[in-house]
Amino acid sequence: MTRFLRHRLFWPVAILVALLALNLVFTDNFFRVQMKDGHLYGSLIDIVRFGAPLILVSLGMTLVIATSGIDLSVGSVVAIAGALACLRISDLDDQNSIGGVLAAVGIALALSVALGVWNGLLVAGIGIQPIIATLILMVAGRGLAQLITDGQITTVNSSPYKLIGGGYWLTLPFSIIIVAVVLALTAFLTRRLALGLLIESVGGNAEASRLSGISARGVLITVYTFCALCAGIAGLMISSNVSSADGNNAGLWIELDAILAVVIGGTSLAGGRFSLGGTVLGALIIQTLTTTIYSIGVPPETTLLFKALVVTIVCLLQSPAFREKVFHRRRRPQSPSPVTEEKVRVSA
Amino acid sequence: MAAPAPILRMSGIGKQFPGVKALDDVDFRLLPGEVHALMGENGAGKSTLIKVLTGVYDIDAGEIELEGRRVAFSSPLAAQQAGISTVYQEVNLCANLSVAENIFIGREPRRLGRIQWKKMRRRAEEILSRLDLDLDVSAPLSSYSLAIQQMVAIARAVDIDAKVLILDEPTSSLDAGEVAQLFRVMRRLKEQGIAILFVSHFLDQIYEISDRMTILRNGTLVGEYLTSELSQVELVGKMIGRELADLEKLEDRPPAREGAPLVETELLGRTGAIEPFTLTIHEGEVVGLAGLLGSGRTEIARLLFGADHAGTGALKIDGQAVSLRTPRSAVARKIAFCSENRRAEGLIPDLTVRENIILALQAARGWTRPIPRRRQDELVEKYISALNIRPANPEQLVRNLSGGNQQKVLLARWLILEPRLLILDEPTRGIDVGAKAEIQRLVAELSDGGMAVLFISAELEEVLRLSHKVGVLRDRRLVAELDNDEGLTTDRLTETIASGAIS
Amino acid sequence: MTSVTGLLDLRRTVPQKYIPVMVTAGLFVAMFVAGGIRYEGFATGQIVLNVFIDNAFLLVVAVGMTFVILTGGIDLSVGSVVGLSTMVSASLLKDGWPAFGVMALVLVIGAVLGLGMGAIIHYFEIQPFIVTLAGMFLARGLCYTISTDSIPIENATFTAIAQTRVDLGGDMWVSPSVLIALVVVLAAAYVLHYTRLGRNVYATGGSEQSALLMGLPVARTKIAVYTVSGFCSALGGLLFAFYSLSGYGLSAVGMELDAIAAVVIGGTLLTGGSGYLLGTVLGVLVLGLIQTIISFEGTLSSWWTKIFIGLLLFAFILLQRLITARRR
Amino acid sequence: GCSGGGDGDSSASGGSAGGGDDKIVMGFSQVGAESGWRTANTKSVQESAKEAGIDLKFSDAQQKQENQIKAIRSYIQQKVDVIAFSPVVESGWDTVLKEAQNAKIPVILTDRAVDSKDTSLYKTFLGSDFVEEGKKAGQWLVDEYKDSKDTVNIVELQGTTGSAPANDRKAGFSEIISADPKFKVIASQSGDFTRAKGKEVMEAFLKSNPKIDVLYAHNDDMGLGAIEAIEGAGKVPGKDIKIITVDAVHDGMQALADGKINYIVECSPLLGPQLMDLAKKVVKGEQVPPRVVTEETTFTQEQAKEALPNRKY
């Protein structure tokens, strides 16, 4: 039991469960998942489905944060990817042609990758601080998305495209399947292959990593590219879900939610150790919170107060220092402050 | 024994870390006007005892009395205010601040709350000159080598008006001259009645300076002895719990066998760091570098590893001219570099022992070719036991290891790479007697197997014992290259360093 | 600006550490000159003064942010606290509170919010990002609780401050807010450079653990910087209230990013321990000047405006980075 | 005018120095580009300026009042002939409008009003009345259900919290329906004026409220998102759940004609021509009415089918 309690993900899970339970009080059948027209249908499924873009963006963000970076541009990449795909599709003669949709999706993702490489080059090649490097794309990228859509909402009417964010496959929402695949892929790259180790070491101590023969530059570019790719996929999902691209609003503020999800999941913004499972939980917590707000009818004026309350409770519960101070446990688990990191200045 | 009342008494101290009992029922006392050595192997609990005393960690059991009053410090600040000044094991200064600030921060000279920078700089220069250091005190600390940082930390600690001075391995990268300076200061303080707690793995230093010693083993107290009444051999026996047999076995070093030249430099240099130098390292050869603080030894190592870019000159490996642009390309050519600054340039504190050990090997293979877990475990296991890393738990976070054990982990990282040229910059920093002998034996063995080694150490005996050839540096210039034959002694080395003459 | 330079110790011939700030300053001047060449009527003193007038509140907020970032932390709540301050001022003034009472109360609220966040960050060892994000939600939520509508400020004192012009001769003028902001900048530069608190801020940012082991009051320092930031945000909120003479729940949305960007453009490292207040001032000016350039550029559409801002920012940072790197 | 919302970046203001010749120079400060409605509005202003031969200095404030103030200041400095702007928020314009007045530059408000006591600060206000829009929506509902006795369960998708159109459309609507207790708003939540949010919120509503009769959305986009949610839940929009929206953008009109929406209150973004007329008069010093309400109508499904082919927008 204590081992269970001490598990890294115990508190995030507990919080998620508590939030879900809260819903149960307000909504009967909250946990019921039914089959409807051969689709799984229910609030739980909805949470994952609506959370899917956030989970994707957070996964990419996790890796970036693990290198002690940050990517503010994901929201803009979300908008750009959706805008470009919808623009291409709306230009098709037959919007339902699978080839045309695939080409559009491919182009959108290719552009996302290019944007990620751009971020990576600014950070790793030129050595600009990540927050500023990605702020550039955050600002300009939103403009680019609007340029693509001409500031309007580009509506498409394409059932293959609709599948990505709003369709079903094998009874499951297709977006959930995409998330599962990307998650599995990320886990494979980082945990099965050695990418994770290199990322954690670059985030933990960049200079030491360089002196161990790690190409920090390569790792950073990979990570920013991956993050932008995830954001691109999320962008397709969001626009496909409503069959339209909104260059102005798609992905607005998603970077904040994504960073929050990563941090709730237990990854430190100072870089180093990261937890993919934690991030997924974090994103689910945020999405559940949103759903809870809708379903228990918190009025919009108090939504933010409610959020503040929940976020505070979440981070307090997760803090070992808080639990120990409040629950009066005798022994302090040592180490003056585990959060503090040594900073190594790269003197090259 | 009509000793004066102890100024500090710790009794029944216990400290438990998850999975490790670092201290168990330890008693300790410190008399005014004495230098008291705290002895023990790596991981024996010395630093933990100091941290428990100064409020870095809470204690689990036992009590502390300072001048007869029970105390429990909640932070190092509280300990400092009560008159305990401490130099912790790793250099714990703020490298982003200037040298002067590092000496004075928290007690800057002020008038009406306004910091007097000029006065602070002047006083910092004074204090440093008393330690024979002439630094630009307004330069950031990070521009100085680790050894100098260590001196600055000492300067800070001895300047604080204290009743108790604690020095946890302050001399680990200092050379003989600096150590002598430090001891002069310590003797002066001792005469003023200040109690000094001193930790070092250099037995000679212990015998030179300390009056009394307390020995720990595995977190338990072995006993307290007068230094004059305990021989070195007895001391080592009590520390490790058995006799140490092969401490001095490496005495005579076989002359270098004729290996092919592996690395040749031709007037390789970097402005502001090291004058152009020409040096050849053969296969199977151990080349030692000797010199004073900041003489440029580390700079040579960094150039050979591609950690810094050479401004001038050429480098040849296996007779072919190459330019090492990054450490990565050096590693690809099987050159390894074990940095002196393990905290800033070596370890990733948040990763485990296993991950830290395999890091360089994994980096060399690239991330797409992970080392199979079984192979990792084998390698790690092998070096944990070969270097006696404790606790012998590959999944322990490196940040939780004692300083000496961290150093061993760093060594292991490079050893598993089986390099052709191994550059060791102060590899035995903070390593206990037993392990040091072990590492020296390992170096000798590897070079016999054909590996070239560039060995840098502040301890001239060690350099002499291992190397076939010694390069002498002075003022960032390679001034001499001496073969290690009968005629070469530490005295001659010191002389060469001092005179800067070419032999 | 020049007086800040004077505060920094330039006794030695421009020590290494000041080079980044000097480069930033040089680039700012270059940008201004380029604007002057390109646009008619650009190279006037009033344009620079307008940058100050229009960004006085951002300057004050960024000063607080500088303290926080120097310790290696971050404060996301500043924008909302600015919003909350305008809201509290407006609604209390509407209820007939005296102007100075309101100002004092607003400043106290800001400082207390900061203090609370700092204490949670330090004592419960929670990452500043989430704590201040919760603070951001809280302050913004409180705004809406007060009212979702905007509330005009008609108080005589506020109006007087808002509409006063401090003439500088030669047709140039600044608002009282600019003077307040400059006082804040000078005071903060003094604190950072000449007081223990300031030096402890740098030490904590350099290495919190070392600072702790050196016996510095890390707890007090960390809590203090968030309090300073809360106070500065509240003061920034008051300046904003002078500027817009109204309270509105949605005002200053996203200002935290502007403030962080200004600090970082000014050369302060987000990891803490390195940077100067003068850099922050320059950062704010650069952001302001970019806007001015865009307003002179004239006919940019909404999206080109954003792309252009991004490009200018990029060009600036790239040059800053390249020049600094070459000099080393 | 419609959506509000936030945007997290730096900002802009507009217009280069105006020439002194006979061509009228107008500085126009737009709220931002936060919605399709807004961009249509921008386009209308730009196009009609060109047609009317007015030199337009345009700037985008990215939803920030401070940017608008900066822009207006810069127009004053550039000595334009007339300033027009759509205020981000109602209050807080006195200072800068006084500056304009001192510089003798007339000001026209478009789309949203300001709450200055001193109405001499601006010449006229051209725009829709959001409260009125809400009332129209409510009125249709009252008429639609006038024969029914049962409770009518209404859900509401609000615009961005705190934005003027959200506040006013909500207020106007509830003023009308509150007269009859059978109308019950059972859930009301912000959908930020976007389709994605509209869909997400509506799905949650559908799960937690088994019986929904009417949806009132503060703009078409949220309504369109909600339609997808309703269809996803296996219900028929327009039949099982009646839908009222505001704006009448093209996609919304299409849905109305298709029978998925029941009623749309128009809120036209095409203010450009009227604005240019007013500007010319104001510059000439002619008298203009202090309040010009845009010519707007409402659409039922039949009207939509007729109007759809020749709608510009």
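Letters A, B, C and D mark the chains in the order given here, with residues in each chain numbered from 1 onward.
The rule is short, and it goes like this: a contact is a pair of C-beta atoms (placed from the backbone, for glycine too) under 8 Å apart; a residue touches a chain by one contact, two chains touch by 3 or more.
Because the structure is a prediction, the values reported are computed rather than measured.
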Winner on C-beta contact pairs when A-D is weighed against A-C: A-C
Where the centre means the average of the CA atoms, what chain is farthest from subunit A? B
Measure off the straight-line distance from the CA centroid of subunit B to the CA centroid of subunit D, and report it in whole Å. 70
Whole-Å distance, C-alpha centre of subunit C to that of subunit D, is 33
CA centre of subunit A versus CA centre of subunit C: separation in Å? 29
Interface hub residues of subunit B, defined as touching at least two other chains: 56, 95-96
Which residues belonging to subunit C are in contact with no fewer than two other chains? 144, 148, 206-207, 209, 212, 257, 261, 273, 301-303, 305-306, 308-309, 313
Would you pick out the residues of subunit A that each touch at least 2 other chains? 135, 139, 142, 146, 151, 300-301, 303, 336, 342-343
Could you list each pair of chains that touch one another? A-B, A-C, A-D, B-C, C-D
As the complex stands, subunit A meets subunit D at residues 26-27, 30, 36-37, 42-43, 46, 50, 135, 138-139, 142, 146, 150-153, 155, 166, 238, 241-244, 246, 248-250, 252-253, 290-291, 293-297, 299-301, 303
Applying the document's contact rule, which stretches of subunit C touch subunit D when the two form their complex? 39-41, 46, 50, 54, 57, 90, 143-144, 148-154, 159, 162-163, 240, 243-254, 257-258, 261, 287, 290-292, 294-303, 305-306, 308-309, 313
Residue set of subunit B touching subunit A in the complex reads 16-18, 56-58, 60, 95-96, 142-143, 305, 307-308, 326-328, 330-332, 337, 339, 343-351, 355, 358-360, 362-371, 399-400, 413
Considering the complex alone, what residue numbers of subunit C touch subunit B? 9, 12, 15-17, 193-196, 199-200, 202-203, 205-207, 209-217, 273-274
State the interface residues of subunit C toward subunit A in the complex, per the touch definition above. 72, 120, 123-127, 129-131, 133-135, 137-138, 140-142, 144-145, 148, 206-209, 212, 257, 260-261, 264-265, 269-273, 301-311, 313-314, 317-318, 321-322, 325
